[in-house]
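There are structures below to look over.
What follows is a pair of complexes built around subunit A, which joins subunit B in one and subunit C in the other.
This part shows the complex of A and B:
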């Protein structure tokens, strides 16, 4: 280790200015993240000209702080209002919002915060210790291997489908169709656009997530509000209690009890973060799905802190690793990493493998900021969560239309495209219908995310192997291993389903019949 | 007859007055805030550069210049938005080749790529073909290898278009593997999953020399000296090989019906912004040095560019 460079990095980071920009970054990030439609990359793009005026550590503090804060911030509104601030937090809605409705919103937000910070910090340490090694491992994942990783993710659908596999599969089919709308990934020719030019870019994830999760819930609650049922009043009262003195917090024992789920999130998030093109949303759903599959007794997806722990540790664990390809090869693996790379370039530092030799103090400073950012995220996240969740104290008559307006703004803000608002509204009615017939949303979102990636990688693999299917599918030991794992997962899921049904039937037969 | 003459003179005077008035108004351009439209979401390459540019443009325009993102439809939504605005020069369109690629890929495009008046190019990038030093020490060895086996070339749509245009003229057959992001393509190249990768200059300097060399620059435009030096010098380009290459401009245009005087004034101001030392420095440090091309030259190049892209798209599909 270059100790001179480390000392220089420490003296650069521990200055009033750098810490101030880091604090501003985290605060801005949590605030922006909590607003639907404004994601980490939008926030970073907006402050990029400002970062140009700062010195290198101030700039990195602002951008990395904003990134970390925004990934956590999305969970606050996901839990409080079922409106994920960014798609990264969509998987948190399942357990988080249910807990809010049960009056345990405070516990849910604290679990999200602690698991986010834990996942983020642990993955940062992994990055610092073994960045070049894991980057080399990631290089082994070409189109064939990524293809099987996607199949593995889809095999988890069984776990996300709830009790009715058929409804889960139908939801997945809708997601699959929606995911194919837009330009063909290989030839760029528009497909399934019904002749509508505005569909050429496909359906954007932000309006989809806001429509299916937030707006559809608000339609449902709005209708109930019109009927003035007691249920809504109770739910609103519970939202209002979010940070009241009598609400249940999170004990240290409860936090520790989620170590397995956080471990899954850290492992999945770290690896997914390193692979280019996947991102925090995929990591969150994968971690959530694996945890649900592995621990069926914890009732993940039904209002459990363990689902929140897996999803939030999963999405935040991608933050540090996203920077690995940038630091190891100079190649940004995500839009946010590209923006951080751009900020480095604006400071005259071209991200490349030579960075470690040429600017060791900048690399160390970046590592210190990555770690330090977690502490500020914890402190500011707590304050912000408290402040933001107070909005929940508004009565339902104000809350429901407010979230509806937020949803419209959020759908528009992501790309400034008015068609996204129309799409969000259409998807909201679809989500409302799905909820009415008991169809789960998760398979829709996950196939929407995964299917296009699967298709791209399959078609690339076929192009590379000149149409040889066997080589395209089983061209490496890693691919064969992943294919085996996917097959095993499917068998286990099916056996568990059959076993579960048999035991339910058995229980029904054992129960004494009345009369 | 006399009455007619008087009427004609009156009409002519009125018309002259109107034109003169319009000219006086036009030369006063701009008199209100200017909107700088980007057809992509916040955070992309064009958006980053536009924000750096807008930070200095207020001073030069003497009016506020605001960046607006109008994303969607492969960059065409922003273009259509510009065409829906008044043709008064207060809505300026700044794009990369992406919307042109979208339009030339469509059978029935909603607008034509020529539905714009080009006022200048801010910078241009080239598609460079990068491969292993040992496998492809030069262009000739690459051509030979492509005759012996199918060589894979990964890249995004625009960089692959540049390479496809060159390969077509050189009569070399390769397998194009399209990627949605440069990051994915380069990772697959570094992992050995594809033989070569097509990238822009700014990405190439992060790969060369540790992980490969530039086999060919598919554009006819020589690289900027400092970039060529970083890439090991003596980079062969399409012109050296006797071909007509494509380089991809970050172009600026206005509504085609904008009055000539306003177009000229917009071009003049955009040129001033592009030549401004602060903007030049910001673009250079962002990895996309200003390589300004004035209105006439840019407009002439643009016509040829659209045609070359149209035929290259056919090669990729």
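This part shows the complex of A and C:
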């Protein structure tokens, strides 16, 4: 262990500014998570321009805090009104809302909080142990192996991020195409600009991210408001009555009694989090389903704290591990990891296995922030969860125009370039169309980020092999293995429809509000 | 819209036409065939991107999910796209106005109009919130050091 770097990281993290941004991130994240329709990706997209103005630890504190808070925050509205703040918390509705109707809303929210923090903290420890080892392995890779690793990641993303392989891969292809607009990464000659001078620098990340993740979602919600097709769930019960001090809380013994379910959540969430493309929703439903099958006597799904423990530990346990492919290989495994990777790049640090050698203090700082974020999540969740439950009732008619304004500011403020705003709006329409046809956005953003690396590695491999394509592509057993794995994955996914089966995990459950 | 026009096959067909046009546009562009020092042509990777789009869209026409209607298109109407474009046009107009006259001058008009358009009532509350939200946002971003376009009202704060 590099103790100097560790001390430097500690001195970077334990400053007023970094802690403040971490607290703001968690507080903002829990709030965004609690508001139905806003996800961690939307939140990170909106604060990404702000993160430029912070130093590296402040930026990481804000983004990681927001991510952790948002994944827990989704459970608040799932438990309070049977409307999950994000799909990640949909599995929590089954038990959480039933408990609320039985007058045990306070107990349900506390179980969600404690299991979220437990799952998150345990998986963070796994990340700290695993990521450096994998990075050491990745350092042995040459350009050929890195190229195939990226292809494998794209194949995984396409295969697992939605139920339709062709749409997932189409989204990845859009990202690859958009990533080639602007200067060629090797010779810096402008290309693919459609004759527009303002495209010579390429598509800037901020308008892309805000357009695809934030503004497109607001367009969709705005349309729902205009059409009034959305079933307005009026909270018929007063939240004060549900979560009052006199209502039943959670005892330490009850929390400990859910250790098996939390263990399932931690195991499943960590594994799912490391794999590119799956994400917290799948982890939550898988953990919930496994716990339900293994412990039928616990009546999971019928208003039990054990179902909440499994689902919430499962979704929060993906938060840290989703950063493993980013840190170990420089390949983001999820949209949120891509956004955190983008924030690092905007700070001048390219995520890659070399980061462990070149910027050990940043890696240590990130690990400390990951662990520290859990304490703030616990404290803020414990103190303000019931306030956030009220936030979930904020009318969309106020929220949508406000976030539209924030999106315009975000796109404009990054470079004060009006073209960025226009580009953001154009990309928002594309994102809106993608949502309508059921095309996942995550492969687009991830491939957009790795497109230049993909090109650089292929060209470097060809340079090394003096133009021999077969040697450049299949010059080592690892490269052949990775290429074979990517091809096999695509064939198996196509034949077995794995993405479809995984996305049906959630759909096959009973109607959550039905009883 | 008929079921065919909502199906994955129709989506694939539209995407295929668009991707083919994009591929052809790049192929016919002179820059695409310009060779770099390492032997690569400038258009190699853009063509891979467009080519992958063509391939995936073609697969959508024939794969097992071709007859399925995506959830988002089940109740969709063409007017949804028109409304979304109208919303975007309004936001673009707001962005232009914000730059021309200042954030504090343009934003309240935008927020009030959009809140009312989305159905927020009563009007008095929309006006009050529509003024307070931009002031709060302006104060927040000013504290954070983000420079927003300034107009005559900015000096009052």
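Here are some notes:
We adopt the following convention: the second predicted complex is superposed on the first by the 279 of 515 C-alpha atoms of A that agree within 3 Å, B and C clash if a C-alpha of one lies under 4 Å from a C-alpha of the other, contacts with A are read in each partner's own complex, and residues count from 1 in each chain.
We take it that a residue touches a chain if its C-beta (ideal position, glycine included) is under 8 Å from a C-beta of that chain, and two chains touch if they have at least 3 such contacts.
Remember, predicted model here, so these are calculated numbers, not experimental data.
Looking at the shared chain after the overlay, A:339 reaches subunit B, while subunit C stays out of its contact range. Within the superposed three-chain model, A:428 lies in touch with subunit C and out of touch with subunit B [touch as defined at top]. Residue contacts after overlaying the shared chain place A:192 against subunit C, while subunit B stays out of touching range.
Residue contacts after overlaying the shared chain place A:402 against subunit C, while subunit B stays out of touching range. Looking at the shared chain after the overlay, A:170 reaches subunit C, while subunit B stays out of its contact range. In the superposition on chain A, A:467 contacts subunit C only, with no contact to subunit B. With both structures placed on the common chain, the touch criterion links A:416 to subunit B and to subunit C.
Residue overlap on subunit A between the subunit B contacts of one complex and the subunit C contacts of the other covers 49, 186-187, 189, 416, 463.
Across the interface of their complex, subunit A is touched by residues 41-43, 47-48, 51-52, 55, 68-74, 76-77, 101-102, 105-106, 110, 150, 152, 154, 157, 175-184, 186-188, 190-194, 203, 205-207, 210-211, 282, 285-287, 313, 316-317 of subunit B.
Residues of subunit A that touch subunit C in their complex: 49-50, 53, 163-167, 169-170, 172-174, 176-181, 184, 186-187, 189, 191-192, 215, 219, 222-223, 225-229, 395-398, 400-402, 404-406, 408-409, 412-413, 416, 418, 421-422, 425, 428-429, 432-433, 435-438, 451, 454-455, 459, 462-463, 467, 494, 497, 500.
The residues of subunit A lying in touch with subunit B in their complex are 41-42, 44-46, 48-49, 52, 138-144, 183, 185-190, 197-201, 276-277, 325, 329-335, 337-339, 342, 345-348, 350-354, 414-417, 419-420, 456, 460, 463-464, 466. Those residues of subunit C whose C-beta lies close enough to touch subunit A in the complex are 8, 11-12, 15, 22, 26, 31-32, 34, 36-40, 42-43, 45-46, 48-50, 52-53, 56-57, 59-60, 63-65, 70-73, 75-76, 80-81, 83-85, 87-88, 91-92, 94-96, 98-99, 103, 107, 110-111, 114-115, 117-120, 129, 133-134, 137, 141, 144-148.
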